């Protein structure tokens, strides 16, 4: 079963290279995405056993990330159908890379062996790179190159960390997560510390945490709306999953406060750098990129607080994926209509395209955690966890950076959404498919905000239980 | 019924005494410079003359201009009921009547200033602006004195403060009382537009404050306004006299005589000041009023010090 | 005490009705009803121009969130409703969004409330952590250490202060009101600001053991906000901005009342505490009534004249007699003059201050004295402000003929504004006079709320002393009315001779008078503002008249808001330049980012392996 | 005996990395990289003194084939269009970069020594040499402006990591080995494609001077 869920997208990706017409390929992608979603559905009902001699297993944490991935991917597939109505370029490589990306992300959530985890993460980077250089213009190529370079160096460091981890096991050099968790082997302190540092810096590059975030504004700025949505909401989640695995290992071997201090440094840095840089930004997607950096900081901080913080971080992971999807997809549809997302070029979106304008505002309020949306609860729970675990300094930093982010984002989005409408360069009317793809996550966010479905809560508690032995 | 009798008596006394005091001031000003001056009851004759005259209203005025004299006069008539005639208790006395006292003055001032705008001419506006400016200082100084008197008399009713059977003993509270009395006297001069602050007799447009605000009134309205000003002078003097008189004779009539003598003495003093001093330059008046506030504030410090 | 609760995944949300939020509900009910009616006809002019659906939607969301905030009994519900209110108000403010200034002031408003909300976040979570639950009743049951109580109070002051508009945090208020349509600014300053005060009262009720410096601090905030608010209002030349600054002054009076209440509570004087709180809450109700009335009439005037600058208007009373009458009633009650409701609530606060003066120990007696003096000065300056605005806008002659066009013919007795706008203003004016002349019902309500806040068994505090004084005040007011009618009869009926025909005002013989010679707002306020030049940053711009044939010359004087120009704008500007600086020299070489990564790695290794 | 062979190969890897840093022409860099990967590929043979299991042989073969032959050919295909073969302007001169690399090697050895990491039974030279190779690859990647030389730098880093992995482990599952090799290979492949696009787009300007207006207006 597990192998099937990885194989289906991979092989359909291979099929993409056959000479189909554009719409057929898109419907094929939607079909594959839907199949993937069905697989996840039945996983939710009954947790599958591990396969492929222990390499692929599914635990609650993996299941949550997997379901987010398939959910967002379906949205992207629906959105792509609407997007390609006005797009001339052939989507052969685009669809192929999308499906390969889906396969590698599924692999990340399933793998029980840290080496395999590294392979899957490295492949997500590689498959995402062609998606960024969608427009073939100098800037997008430069952005792709920057993304490839920084992420490959990061992944290389992570590989070194993985080897240090393996080496930490002295006689029994195994990288099987299940062995480490069940305490079969004893990990020596110094090697493990070095391994944790290398892996967190490496996967931190991939995730876009503070000092290593420089590729995000360029990459998300240049990628089209749907690719940026996919990357910001889901691809970064895979590296957050790697962080959780490292957290599990550290919790097992008693290094959790060492690891928490590491996370506080990285999370704190992102919460400081992102709001300051956002004030100088002029483009919508670049602003959203910094918001993504800050949300990654929030996730990492939540992980560091432990106890209630982990539950809040996982819940925020779900909400962040949805809200980033909404914001970037709206940015994509604006980019398609106006040819640009810079504030100076785009004005009065609410008047020209009412539905997209309203989605833009909803995205803003969802992203910054306003009441009816679920992000309000998750951000409050993280702050609550901060105060409960007595990290008042971090709580204050958290609150300050949230308000500065709010200022930065509202400045851009209000300028764009209101005021006298500038004539759109490529005057197109709103597309049904694209709006459906944006409406679904908004609906999900509002539902999650007002009422927490029971199965999700149970799964979140079990996943949080993996990371922190304490009762959540 | 007792209340009605005391109100009628009070109004009778105050109603006749107010114009008389105005006559006394004018008479003293004349005598000081060697003139014979108009008869003592000249204000009565003026008021009667004015009531027979016709009202002339300008086109730019609205209902505010007509009801201003009514409000001013009636508020001052009510205020006159707050004053205890030494042993004769004031008809209106309750805890917190000082607030009512000040804000009744306020409503009179509101309509006076509004009516001066109504004429639509810049001199009236000038007078209104000065009135609003000076009233800020006088009201704050007045409240400062009320605070001191409340601390000394341990009560917040005007008639308790100044009309109590046993007056505030000078030997005990001497220094504070001197400061209070002098500050109240300065406030009296400012509030009624007497010489150092404003010249009641002048008609030079640029210098008038109170005169210019009622410049456009005629006939009965002017009579009401003038009579209100006289009442106001009596009220402020009526607050000052009981503080100055250190002893209470007990029966109503002799105390009343003492009260009247006190009022006349203050009127004569004001007349003398008006003839020997000239009007202060307008930006100097602010310092005079700040002096009044300083005196009161010093008194407040002294009372707090004594209670320490 | 009515409590209604329902289950929610994170716990149990509950709403509660108690004497404290009864007052606020009352003011919300009245003002939103009148604002709704007023909006009905005020917005008819925009029917074709702009979609009113969104505006109506956000108006109802605002009302829902107002009621929710006031009755919420759970932290998350309170914060959620609070943010909903902030967002709904934002969308109401930017109704005229095509104008740049409107968008900028809406943006400033949203940032201010949002940052305030984050202070509240921290405060509520500190309390929830100490109490172990998010329910207000459970939080009220826990005893807070003095240190925790002072931290909570400081955060409450910051969070609620931004919303209420205490002096340094008020900068969004004068921008938001002129931008919003009149019924929204009436709702905003009548009710939405009071939610900040409600929050503060809720904290005072929840934490009975507040340290005693809080009372002094709140009193001083009241003094500073009141004085600065009214002084800035005096220097304003725009009608709605003037009213906005005046809200800051009235918030100052309310804070003064609450401050005395707190002092009474700390000095174990339950009567003074209850009286102070009751005075503050009474003023909350009164202020929402007459401020809404003033904003409605200001809206009607601005709709007729098309501009908000008071120096352009003049003689509007002849054009709009009904509106000017209602504005007069609002002005009289806001100055706290006897026949109207403003006086009754200020009487409560004064009474509490004077009782405090007599009964408190020396230090707090001195503070009460300062309170009395500042309240007196505020009353006086308010009187100056409103005579200025009423005189210049409504009385005198039209300064600018194309702004205040033709005067009405005297026979035309009809309304000068649509009935839909006139009726709510009439209701509010009626309420102001009714509370002014027979305040028993409202006084008893506020007294109960006051005793609720003193957290002392109401049986021990008897309101007899204040209610008897109030009875006397009402008697004197009716006496005043009686005498007025008597004098009026004497004036009108007595004179047998008919009045002469109306002529020109006597201008002391000056010929060639033009309406522009009349006193303007700037000249009226100049004398007062000049002597406080440094505090109020009062500046005159313009050139003197030079040469034999002087060219066209202009003189303008105005007051700059110190809090805004010297605190917030430079801070935001510097932050923006920092970000722009970093943005400008964005590194061209990709590799430098890699060096950052290497340095970070080495830094972590050194840090962790030392 | 076996440890001397391992030490020799480690020294050789570091030496080759240094020579890549010193070389001017890109073709020369690629050949040197091929030699280095050959040396790294042979390390498992020394490790087990010719008593190789079946999958060890397979790993060695695949590593050598992919890293020494296929990858250099891809790189040669990629630089086919680049007109100027020489490195136009490295950020810091060759002399300076050699000095810095010497310094980096010293740092690598100091770090390996100061961390007192237990369990380096096989050979105490492996950790410092692999760290040195990684740092040199990093240095190459950072100081060169040409896209191709950056790719070579990245591959030298990979070789350093592989040196550490192969020499210290015996029980590394075959699947992971293959996965890692596959990933590195695909990485190079995609980088080459992107470099091609860049060359078509810019024809003349070197990579880093591109600061024209923001295309799709981020």
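Miscellaneous remarks
Each chain gets a letter, A, B, C and D, in the order it is written, and its residues are counted from 1.
Quick note on the criterion: contacts are C-beta pairs under 8 Å (C-beta built on N, C-alpha and C of every residue); 3 or more make two chains touch, one makes a residue touch a chain.
Values in this document were obtained by computation on a predicted structure and should not be read as measured data.
The interface holding more C-beta pairs in contact, when C-D is weighed against A-C, is A-C. The chain with its C-alpha centre at the largest distance from the centre of chain A is B.
Between chain C and chain D, the centres computed from C-alpha atoms are 70 Å apart. Chain C has its Cα centroid 45 Å from the Cα centroid of chain A. Separating the CA-averaged centres of chain A and chain D is a span of 30 Å.
We define each chain's centre as the mean of its Cα atoms; on that basis chain B and chain D are separated by 100 Å. Looking at chain C, residues 590-591, 594, 605, 609 sit in touch with two or more other chains. Contacts with at least two other chains are made by residues 142, 145, 149, 153, 190, 194 of chain A.
Taken as a contact graph, the chains fit none of the simple arrangements: neither line, ring, star nor complete graph.
Inter-chain contacts occur between A-C, A-D, B-C, C-D.
Of all the residues in chain C, the ones that touch chain D in their complex are 588-591, 594-595, 598, 605, 609. On the chain B side of its complex with chain C, the touching residues are 51, 54-62, 64, 67, 69-71, 73-75, 77-78, 81, 92, 94-97, 99-100, 102-104, 106-107, 109-110, 113-114, 116-123, 125-126, 128-130, 132-133, 135-136, 139-140, 142-144, 147, 150-151, 154, 156, 205, 215-216, 219-221, 224, 286, 300, 304, 307-308.
Of all the residues in chain C, the ones that touch chain B in their complex are 314-315, 317-318, 321, 324, 328, 332, 335-339, 343, 346-347, 350-351, 354-355, 357-358, 362, 365-366, 369, 372-373, 376-377, 379-381, 383-384, 386-388, 390-392, 394-397, 465, 468-469, 472-473, 476, 479-480, 483-484, 486-488, 490-491, 494-495, 497-500, 502-508, 513, 515, 517-519, 523-528, 531.
Contact residues on chain C toward chain A in their complex (touch as defined above): 8-10, 76, 79-81, 83-84, 87, 94, 97-98, 100, 103, 106-107, 110-111, 114-115, 118-119, 121-122, 125-126, 128-129, 575-576, 578-584, 587, 590-591, 593-594, 596-597, 599-601, 604-605, 607-609. Across the interface of their complex, chain C is touched by residues 142, 145-146, 149-150, 153-154, 157, 190, 193-194, 197-198, 201, 205, 211-212, 214-215, 258, 262, 265, 276-281, 365, 370-372, 376-377, 380, 383-384, 387-388, 395-396, 399-400, 402-403, 406-407, 410-411, 414-415, 418-420, 451-452, 457 of chain A.
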